[in-house]
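Some notes on the structure that comes next.
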Amino acid sequence: MIEALRKKAEELLKNKTVSVVFGYGEGSTPERTRPVFITKPEEVNKLTWNKYCVYNLTTYLKRQETRKLGKPAIVVKGCDARTLIVLMKESQIKREDVYILGVSCDGVGDPLAEKCKACDVHTPRIYDDLIGEKGENKELPFDERYAELDEYENLSEKEKWEFWQKQFEKCIKCYACSNICPLCFCDRCIVEKNQPQWIDPSAHARGNLSWNVTRAYHLAGRCINCEECQRVCPVDIPLNLLNKKLAKEAEKNFNYRPGYNIDDELAMSTYNEKDNQDFVR
Amino acid sequence: MSNETTFEPRIVAFLCNWCTYAGADLAGTGRKQYQANVRIIKLPCTGGIDPLFLIKAFERGADGILVSGCHPGDCHYNSGNYHARRRWNVFKPLLEFCGINPDRIQFSWISAAEGGKWVETINSVIDAVRVLGPFEGYQKINAIGPEGPGEGFAPSSDTTGCECK
Amino acid sequence: MGKKVGVFVCHCGTNISATVDVEKVAEEAKKKYPGVSYATTYKYMCSDPGQKLLRDKIKEEGLTGVVVAACSPKMHERTFRNAAVKTGLNPYQVEVSNIREQCSWVHQDKAVGTEKSIDLVRMMTEKTRKDTSLDAIKVPVTKRALVIGGGIAGIQAALDIADGGNEVILVEKDASIGGHMAQLSETFPTLDCSQCILTPRMVEVAQHENIKLYTWSQVESVGGYIGNFDVKIRKKARAVDLDLCTGCSSCWQVCPSKKIKSEFDTELGNRTAIYIPFPQAIPSKPVIDKEHCLLYRDARKKNIPPEDSKVCRKCYDVCPIAPVKAIDYAQEDEIVEVKVGAIVVATGYKELPNNVYGEYGKGKYQDVITGLQFERLASASGPTEGEIRRPSDGKEPEIIVFIQCVGSRDPAKGCSYCSKTCCMYTAKHAMLYKHKVHHGHAFVFYIDIRCAGKNYEEFSLRAIEEEGATYLRGRVSRIYKKGEKLIVLGADTLTGSQVEIEADMVVLASAMKAQDDAEVVARTLSIQYDKDRFFSELHPKLRPVESSNAGIFLAGACQGPKDIPETVAQASGAAAKVMALLSSDELEREPVVAKVDRLPPPVFSTCIGCFYCQRVCPYGAIEQEDIKARDGSVIKTVARVNEGLCQGCGLCAATCRSKSVELAGFSDEQVYAEINSVEFN
Amino acid sequence: MKIKINLNERSSDFAKEVEKRSGIKVKECYQCGKCTAGCPVAYEMDYMPNQIIRLVQIGARREALTSRTIWLCASCITCSTRCPKEVMIAELMDVLREMALEEGLANPSEKNITSFHESFLNSVKKHGRISEVWMLNEYKMKRPKTALQDLAVAPQMVVKGKLSFVPHNIKGKDAISRIFKKCKPK
Amino acid sequence: MKIGYYPGCAITKGATSEEYGTSVMKVSEVIGPKIEEIPDWSCCGASSAHATNHKLSTALSVRNLSLAEQHEYEEILAPCPMCSQRLIISQKDVQDDDVLKREVEDAIEMPCGTNVKVSNYLEIIKNYSMDEIKQKIKKTAKGLKVACYYGCLLVRPPKVLKFDDPEDPQSMDEIVRAIGAEPIDWEFKTNCCGGGFTLSRPDVVVKLTNDILEGAQEAGAHAIAVACPMCHANLDMRQKKIEKEYKRKYDIPIVYISELIGLALGLGAIGLGLDKHFVDTKSVVDAYT
């Protein structure tokens, strides 16, 4: 697979289809990989593919430094490819401005990452080239995909509150979560708006709940649960639980999974007259 | 706040201009009495209510929130309430997931003709929150800073966040 | 420099001051609220002296913001803003704090009311401190009106507007204008013939130089906004060229399909496949009913173009027009695009169909008919030429039963409202029956007789006192057939007894319902409708002909059940509104519109161009704008609000994650200030 | 009939009381009379069904509870089914019967009906199921005047095996009598 | 799925309408569905309970639902419409009213059976056995004009029972059609027969049943099909008296729908209980060929 990947990258760079390839390179130890940005055909051997390729490289599509490199080819797993679909729907990239190197993936991380446990996009749902075998994506039952939440949803109200307060207390508002998130692409995050200052940006606990709830809410119907926010959080807040909860509600109520079908309307920019309203008096 | 005095809940209600605000007016015109624990903020449409507003109200010491607008199909702007309902469908479970009691954040459809329903609804929200007690959890975490609501009303300064003028 | 806010607390006689210590409210405001440089109270702020006080103090105190604590802003916000304008203060620097409807009237305890008022005034003061001056938006006006629906409402509105010198486009979905009124026999309370009074007006429409008539047409889409609507009209293919056709009648005389149930005759009579709905139709030119026409059926079956079918071309063959015949089987739908400044919706109602009441046979008894069917029976132009005869066997009914409130006042069957016209038309039916069947007996089951209107009460009493109709107070529970007779099980609650009538015919005073496609029309026009799907007026008392969408007006039964005089009055009212609108070259609109921020380079705007705002906007008011570098290359694409289209709902602002779009008058700063000052005592 | 209204005798809250007990919204009736029009037994009644509702609406408690009508209602539910306002009239009759019994106001001229109900329930209480012969027996003892009316069919019933003289006792008949005890009206 | 059988007092062995029960059982053995009698079921309380004591009525009914759930039945067949109606209404009442639910649970000393589905006989046939009937039919009653009489309790109150059209039900007509007979369109399908007044107010019953018989006769019915023991008793046992009182000859056999199905399946008339009727059913039996 690695060979096929390198060959394809080389070909794309040589015939100038793209000017850069975003991919995974070997890291400082065998259990690590790092993002690499290959601009010269002769450097394609830096590319690798293994079970340590956990990152979602699509985040580099929003960064000025990497944008400057020109039209990219980007190595994406099935999950990452969903991000691309969201980004396209949200007018952040055009389909023709990115070359998608999909890789079929049986799960990453050691131990296996949480996001891979109920994966039903082993083969990306969108790509220009597929590296690896094309597998069948069997859709898993709803409950199975959100099983991770059960434990937390079953807590009592008080336990829930205490659990999250303990988590949010730790937050130092470093914003690593939003920096890494490929879908947090605003030029100016709401937390940076100071006229008025809706959310206190300073590094103390006040506003922590507001920040974390708002961050999660802004990903409702958008987040594809790549878990990058959680991975980079220096104080280990299980941020993806919030994202996943919202994904669950969006799917349950709107029958919508972000980045799953490119033709679906974005959940939070449309409505159905028959949407659930059991909770409305 | 001392626990010995009876707890009076603080409710902030975000109402759309065309239906519920008018419904609340109608309750007044009909001299229908209800509890005074509510402060109303009027916006053109429930579709224009950002969940940030609700979070902010909690930050400022609200014990409960009511968001209310036109019945489905009756929105002055045709679809504003439908979009709002979508948001609530994810936002309310999110807050519940974080341990906020569902009774602290409630939603209703009240038309301009439903003065009675306004009275019923707001009274029942107030009563439900009275049972829950003060939202100390939120108020505690937000009182840490210099501008905590515990220290009384903090007026906006004329130069809030503005350095360039 | 900070804003200098003045607070004016109204006593409203004692409406406010009885339960709110207004003096204390003013004192607190002055003492405690930052930015408040003046506070006072006054007996009636809305009175002339009250307004003068406001103006004087703005000038004397140099106020740059005003809070009037008084009744609901829905009452006098405009009054106070206009007063402020006279002093040169921008009207949007004036806010109203609602301490009457939402405080003094709903809380009896004065201490509680006072505390709450203090809060409410503070919140509004904080908002006012963040108010910015806004300028009204001016838009040009297209001096042409669209009237949708060619019933009596649409006809009246079109004629009034056209007589006022404006162009009118009248769109009717059927083949002829006339609507329900053309179907009626006589009209109450005068008993003059409906067609006799309607047809001259129909002719007038056809001949009016300012009216352009589109029949067999429907409004496809409406874009734009008050003064500037863009309308697409679908002219359905009628298979007859209206310019060529002279209405000579030869085609429908030769048409072999003669047994098609006539919609105009409420299915009690027949028509041909190429037909005019009724003799006085306007235009008096036929249309082909493609569902029943043999040629079109053949074409559908064989999947060939209709002009290629050879099954029956009798109408074509007989058409005397030369060299090109007026019959055109290949005709296709045509879309006409027009620009109009105002729209009158006059789409009318639909009679509740006969198949709703299981207990009345769900339509299986031929001699149980609806009110409109009775109109056709009684009409001289109807299928029986005005004779009252049973549809089943053509016999004259000797006992006839009229049942009122069928569908109306019946929440169990879906309409809780009163259809308003049935008491009168049933009295009329009973009279017409007695006029035509002298020896017959008419029984009317009613719940209440509601005949409020000029000469209405007298009319209904005449049915009882002079014409001999027997009124029984009760609803009918069941109708069933026994031999030739219909057994009607009713009650007379005034005697406390059951009533069983062996009737020959039963007439149901069926409810007036909203049109089946009312919701579709409402969505096309972006107007509100109520729970019964009637279109909503903007204010039930003071703005009865305006819809919720500015520039669109309502006339007739599409807004709720109405009789002819009321319909005509409302249509003329709508026409007057349209003419007022079209009389000026420019319109001023409230500047409560959204705005996407613009910043100096290199940012240009904090908008990142995800266009969620564009997707949620109900008015299509968000456009995409390319921000270009000097060389013409696109730096970024951001959202921009078309102020003309924006109606100020704020959906975009609430959807924008970076809060790059705000709503003027409800800006982030204003709402934030309001929430931030929510502090309870 | 004259209905007197004063503070002691009349309770205008009767409708409310009924609603509280049963959830039936008596006040919503607008007296269209459709219930009366379709009632199969109305011809026997002293008050028409709509009049019973009216009595409840205006607080004429005694008149309503002592009426024969409430006992003559056959519970066919035609009225409730066709009521435009969805007032549960047949179900209202149940409530009024219950109240009449509790207050000892049941109209004596419909004693046949009340006795039948009593006999029926006594049989259930005793055996857990109905034993028709013994139920009949009790009923005829209570209402001796009815003793002859069904004599014509009885022998044929016996011949056709339709009257069993051995009552069937269910195993849980003690549980049944406990149910009766717990559900005894106040 | 296991379907519990709740005969109720009237159609159980040795009771006035035992032939209904017998024929239901016999037919079910041929075309299904399989049904098992709920052990130790008790009386639903019938009209005497609901007319006089709501709580008692609810408790007596719900006890049987709870028993059924204890024995793990997901559905109950109650062929007597009085029973099915009482069971369904009581189930809804405890579902809607927590206070009542607690009181009932206290009385019956069991949790309320709020989940088990209660079906009447027509529903069961319609949902499970229509195809079976068509396959296993041996004789048809061609030309037999049958007036399907539903009475009150099968269709009312419609909002709670949610079964068929209360003014013009069709489910029994469909069954009659399936066995080759001819259901007639008539006007008294859901009129009341006087039901529970058979003993206490026979005069009322006689008047109401006369209307029904007259309606059927005028519409040309050869027989009236019923699915209710009370309707049957009133129309069948009282027919002689009605004829006498109204001086009119009817002689219309009143047959249970289950008997009609049984005859079509080739089952013996005697085994189905057709000999137990007061009005001779021979004409019906003979119509099958």
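Per-chain numbering from 1; labels A, B, C, D and E assigned in written order.
Here is the rule we go by: a contact is a pair of C-beta atoms (placed from the backbone, for glycine too) under 8 Å apart; a residue touches a chain by one contact, two chains touch by 3 or more.
The structure presented is a predicted model; accordingly, all values stated were derived computationally and were not measured.
Steps from subunit A to subunit E, minimised over paths through touching chains, total 2.
Using the average of C-alpha coordinates as each chain's centre, D ends up farthest from subunit A. The central chain here, found by comparing per-chain C-alpha centres with the mean of all protein C-alpha atoms, is C.
More inter-chain C-beta contacts link the pair D-E than the other of C-E and D-E. Rounded to whole angstrom, the centroid-to-centroid distance between subunit B and subunit E, based on C-alpha atoms, equals 55 Å.
Between the Cα centres of subunit C and subunit D there is a gap of 50 Å. In terms of their C-alpha centroids, the spacing between subunit A and subunit B amounts to 33 Å.
Residue positions of subunit C touching 2 or more other chains: 359, 616, 655, 659, 669, 672-673, 676.
Taken residue by residue, subunit A touches two or more other chains at 190, 195-196, 198, 268, 270, whereas all remaining positions touch fewer.
Residues of subunit B found to touch two or more other chains are 56, 73, 79, 83, 87, 156, 160. Contacting chain pairs in the structure are A-B, A-C, B-C, C-D, C-E, D-E. Across the complex, subunit C is touched by residues 165-168, 187-188, 218 of subunit E.
Contact residues of subunit D toward subunit C in the complex are 30-39, 42-43, 47-48, 50-51, 78, 82-86.
Subunit A makes touch with subunit C in their complex at residues 90-92, 185-190, 193, 195-196, 198, 218, 265-266, 268-270.
By the touch criterion stated above, subunit E contacts subunit D in their complex at residues 9-10, 12-18, 40-43, 45-56, 59-60, 63, 103, 106-109, 152, 156-159, 166, 190-192, 194-197, 199-202, 204, 208, 237-238, 240-241, 275-276, 278.
Listing the residues of subunit C that touch subunit B in their complex gives 2-3, 33-35, 72-74, 98, 100-103, 105-109, 112-113, 115-116, 119-120, 122-123, 126, 129-130, 519, 523, 526, 528-531, 536, 548, 592, 616, 618-619, 647-651, 653-655, 659, 663, 666, 669, 671-680.
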